[in-house]
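The same chain A turns up in both complexes below, where it pairs with chain B and then with chain C.
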Partner chain A sequence: MADVSIRQIYKQYGSVEVIHGLDLEIADGEFVVLVGPSGCGKSTMLRMIAGLEEISGGEIAIGGRVVNHVEPKDRNIAMVFQNYAIYPHMTVYKNIGFGLRTSRLPQADKDRRIRDTAKILGLTDLLERRPSQLSGGQRQRVAMGRAMVRQPAVFLFDEPLSNLDAQLRAQMRLEIKKLHQAMGTTIVFVTHDQVEAMTLADRIVIMKDGYIQQMGTPTEVYEHPATMFAARFIGSPSMNMLPATGTADAAVTLAGGARVPAPPSVNGALQADQALFLGVRPDHLLVTEPGAPGALHLEGTVSVIEPLGPEALVYVTIGDRELVAKAPAHKTPEVGASVHLTAAGEAVHLFDAQTERALC
Partner chain B sequence: MLAQDRNRQIDRPATHRVWRTVGFPIWLYLSWYRSRTIRQKRVVWAWTFLSVPLLFYVVIRFYPTADAFWLSLHDWNLLSDMEWAGMSNFGRLAADPEFWQVFWNTFQYLLLGTPISLVIAFTIAYYLDQVRFMHGFIRALYFLPFLTTAVAMAWVWRWFYQPVPVGVFNNILAELGIAQQPFLRSTSQALPSVLAPAIWAGLGFQVIIFLAGLRAIPQSYYEAARIDGVSRLTILWEITIPLLKPTIVFLVVFSSIGFLRIFDHVFNMTTNDPGGPLNSTEPLVLMIYDTAFNGFQMGYAAAQTVVLFLVLLVVSLIQLRILRDR
Partner chain C sequence: MTATLDAAGRLGAGEGGTARFFRTPIRPGRIVMWTLLFLGGITMVMPIVFMLSTSLKYPHEVFDLSLIPQEPTLENYIYVLEDGRFFRWFINSLLIATATTLSCVFFDSLVGYVLCKFKFRGRYIIFIAILSTLMIPTEMLVIPWYLMAQSFGWLDTYWGIMFPGMMTAFGTFLMKQFFETVPDDFLEAARIDGMNEFQIWWSIAMPLVTPALSALAIFIFLGNWTAFIWPLIVTTDSNLYTLPVGLTTFSVEQQIDWELIMTGASLATIPTLLVFLFFQRYIIRGVVLAGLKG
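Up next, the complex of A and B:
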């Protein structure tokens, strides 16, 4: 087991810099998820930790040892790839055992380790099968077995669930979380799926264009997004954004003229006539009767309804903008109806329009 | 008015005839076609397009092949009538020491040519795959001999094999103080000397196919192996080569057929005495050519082609069976 320290790390391909001096400390046993859209540098980060990519500047240390020029095999890491990288011409047993080829363990110990790993992953009955005879979820498990059998200090996962269907993905997500709880090994997990990030991570690192946008626990990044990007990226559907202007008395006025008192957390940061965006998550923007208690009140016309079972997403047009709100299933308005939307004061987020950073 | 009526009466049987002979069958076909299911319509179209090449192959390939089998049971010198000969052509072949010499030569081309060419082609492709600098240029360089005519190539190589001061190889040997070699003039060296340009000519194609096979192996297999820390040799033997198996099977069968049918290189490099010296380079196809178009023994030549056909069939089947995924 080990911690991972990433200090002022840079990556350049020719003259193009794709990672711009990132710092990240991963504690021993922590489950860190790097999340962001394609091309944000999350996979590059992971591959630099693995040693599959050279780093252009900075320092990576695993378990206190700087590994900048250490071969991948000597970093005491194991990696699970998006396409699993399990060899089609080898049986499950051989595939799992491949990770132990260079280990100096006696043959009997290797065999025991392979069988123990297979048992943990429920692969015991499949050891003599070829990958082509396995389902997607079973292949995924073999890939994890190959990593686990080496008993590494750090596990690296590169979008391991992307090739699975939605149901299997949810199931494997749960299994990975259980495995982490049982083994307590440090895990760095890369995904573009914010649901995976939220459900798995002890700590989420949101990346964009080679910069870290925000780091924090799933609750922190959900409740206190640091940037507009982080606010929109985490949570589904995305946070609604409305242009607003600051006033001198700790409030904002919306484009339509509505006045919203600023949440207490932004006290002092707000300036008069400051160009802002007001953000509110669909989960917190509710279809209500006029006059319901709340800080934010909006009026609009329903354009689309998406029923989700217990509740429904209500798309409401206000001026030239479309917002998403929620309504209980039994109180869903009609399409075309005029509705009143309300959000509580603490559900309102304010972002500076220039820097796109949250006011706090 | 009257004239028009008369014309119409005369025309009617004529249009009726056109309708009966052309229009009606078309109408019948169209109404039949319209009542087919989508699947059946697709089959109709597939066979419509397949019928042209099928007809071509039946006339140009399958019929002559069948005819060769028939011919092998006869004696015929192109001018005389065909005479039934039964299996006598095959008996004559089995008793002919020249045939067994040629048969062995043909297998030497196969047994030397296929493994040597594949090992060289794989080695080139394996390293070329790791090179980015001038990759396209180098690949084109290897492919160039494949585009060159065998005749031109054979004549250039003949010149390479000449004694000093003309031949390049003997000049190099002389520079190094090594004895002159007879190459094409020796019964033991002639066959490998003819084989060398044949291997060289096919190399470009094999390299391209190997490169395509190597490119198709996902990079993550190698990355996973790097993390597992296995040696380059282990990666080559246990990952690259097993994953290249479909490519290798294809090239083994394809190049084996090529070497079993070798002709133009031999013919052009030994024009003074085709297949010489002393039949030491003569392959089966050259013997067939000689028997048919110099000896005019068409039945005997056909018997030889039947043997070649069977050899190709058996060798290909054995290779496919051995190399098939178990």
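Up next, the complex of A and C:
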């Protein structure tokens, strides 16, 4: 196991800079997820850690050793690729054992390690099969086995679940989490799926356009998003955003004239006439009776209902905007009905309209 | 194929089945196409049929254009096979075709791999330069080859016959196109797993392009097996003749033994036929993929 230090990392392709001086400290045994939309630089970061991509500036250290000019094979890392990259002309046994080919371990030890890894991953009965005879989930496990068998200091996962169907993805997520808990190895995991990020990570790093938008535990980034991008990216459906204006008495007024008291945490940062966005998550925006207690009160017309089982997503049109709220399944309003939406004061987030950063 | 019942309840074959085939209306365009294909087929097959037919004829019957010999005989085959030179030429051809094939498979795929998977300055220019050699006809190259062989002392040697074909622009192009289909993830995974670049090419990339390698091997083998002009020019020692060159010795100034030439040619086609029979699916796949990619 090892910690990973990324200090002032830059990456340029010709004259185009895609990573802009990032700093990231990953503790020994930590599970860090890099999350962001396509093109945000998360895979480039991972490939730079792996040594598959040269860095244009800065420093990467693994286990205290600077590895800027160290070959991938000498970095003591293992990587699981999006397309699994298991060799179609080799059996599962040979695929798992591939990383040990250059190892100086005695053959008996190699064999034991391969079989132990296969046992952990439930692949013992499939060792003589070829990848074409495996399901997607089994192939994914083989790819993980090939990484595990080397017992590296750091595991790197590059969107390893994106080719699986939803059910298998959930299952593999659980298995990866169990493996991390059992092995305690440092993991850097790249995904564009915020659900994967939330469920797997000890710490999430949200990236956009080569910058880190926010780092924190899943709870932190969900409850206290630092930017509008982070607020929208984490959580499904996305956080509702309404244009608002600051007032002199620690409140904001919405475009329709409604007045909302500012959360206590932003009191010092709020200025009169400041252009803002008020954010509230669909989880916290509830369909209620008029007069229900809360800081934010809105009226609108139901346009779409999405039943989710125990509850439903209610899409409500307010002026030219559409907000998403939640309602219990047994209290779901009809499409076209006028409804009242309420959110508590602590569920309200305020963002500066210019900087898009949260007020705090 | 799925069996289906039509509206009248009759059992017919599913889509692509024979029943559907026979129900397909015969259009004029289809008739023209079949006719052209038939004529093309006849044009291809007739020389082979004549070759086999002539090889079974006595000399006096050679210029009788009937396809079926009046007095079929195997004497020509016995004569050719008992002539030690034929066996020698056969072995020469086999040796030269095999050596050039192995060399081309190795070097063409190595260069194709490097041009495909390594990013370096001038890569595109090198590729274009290699491709441009395809546009130079062999006849133009023969003189420089000869001068080179002469100055290096390679005339009348196996190496002299083989050296122009040890690596080909066509093979490099074909292999580069095939390596495009190998995902970089495979190579990067191997890089992380501790393989060096040569090992990655040999152990990972090469097995993934086996169909292309097979197709290339077949093309190169057949090309060298039937090569005539260069082996004829570079050799004067009959012990070094390849089969196509050797067969010409059955014709002399006043007499051409067509039945013997046709017998030797018939025997010479056996290896090529075997190669086609065993590997034709690879040839077709190789040609299709080379056409689709890039």
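Please note the rule applied: the second predicted complex is superposed on the first by the 360 of 360 C-alpha atoms of A that agree within 3 Å, B and C clash if a C-alpha of one lies under 4 Å from a C-alpha of the other, contacts with A are read in each partner's own complex, and residues count from 1 in each chain.
Definition applied: a residue touches a chain if its C-beta (ideal position, glycine included) is under 8 Å from a C-beta of that chain, and two chains touch if they have at least 3 such contacts.
Everything numeric here is computed off the predicted structure, so don't read it as measured data.
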Q. Do chain B and chain C fit side by side on chain A after the overlay, or clash?
A. clash
(Q) Quick one: is A:Y211 in contact with chain B, with chain C, with both, or with neither? Answer first, second, both or neither. (A) neither
Q. Is A:Y87 contacted by the first partner chain B, the second partner chain C, both or neither?
A. both
Q. Which holds for A:Y10: it touches chain B only (first), chain C only (second), both, or neither?
A. neither
Q: Check the residue A:A78 against both partner chains and state whether it touches chain B (first), chain C (second), both, or neither.
A: both
Q.
Per the definitions at the top, what is the overlap between the chain A residues touching chain B and those touching chain C?
A. 50-52, 71-73, 77-79, 81-83, 85, 87-89, 98-99, 101-102, 146, 150
Q. Of all residues in chain A, which touch chain B in the complex?
A. 50-52, 71-74, 77-79, 81-83, 85, 87-89, 98-99, 101-102, 146, 150
(Q) Using the touch definition from the top, list the residues of chain C that touch chain A in their complex. (A) 183, 185-186, 188-195, 204, 207-208, 210
Q | chain B - residues contacting chain A, complex | A | 218, 220-221, 223-231, 234, 238-239, 242-243, 245
Q.
Show me the residue ranges of chain A that touch chain C in the complex, using the header's touch definition.
A. 50-52, 71-73, 77-79, 81-85, 87-89, 98-99, 101-103, 146, 150
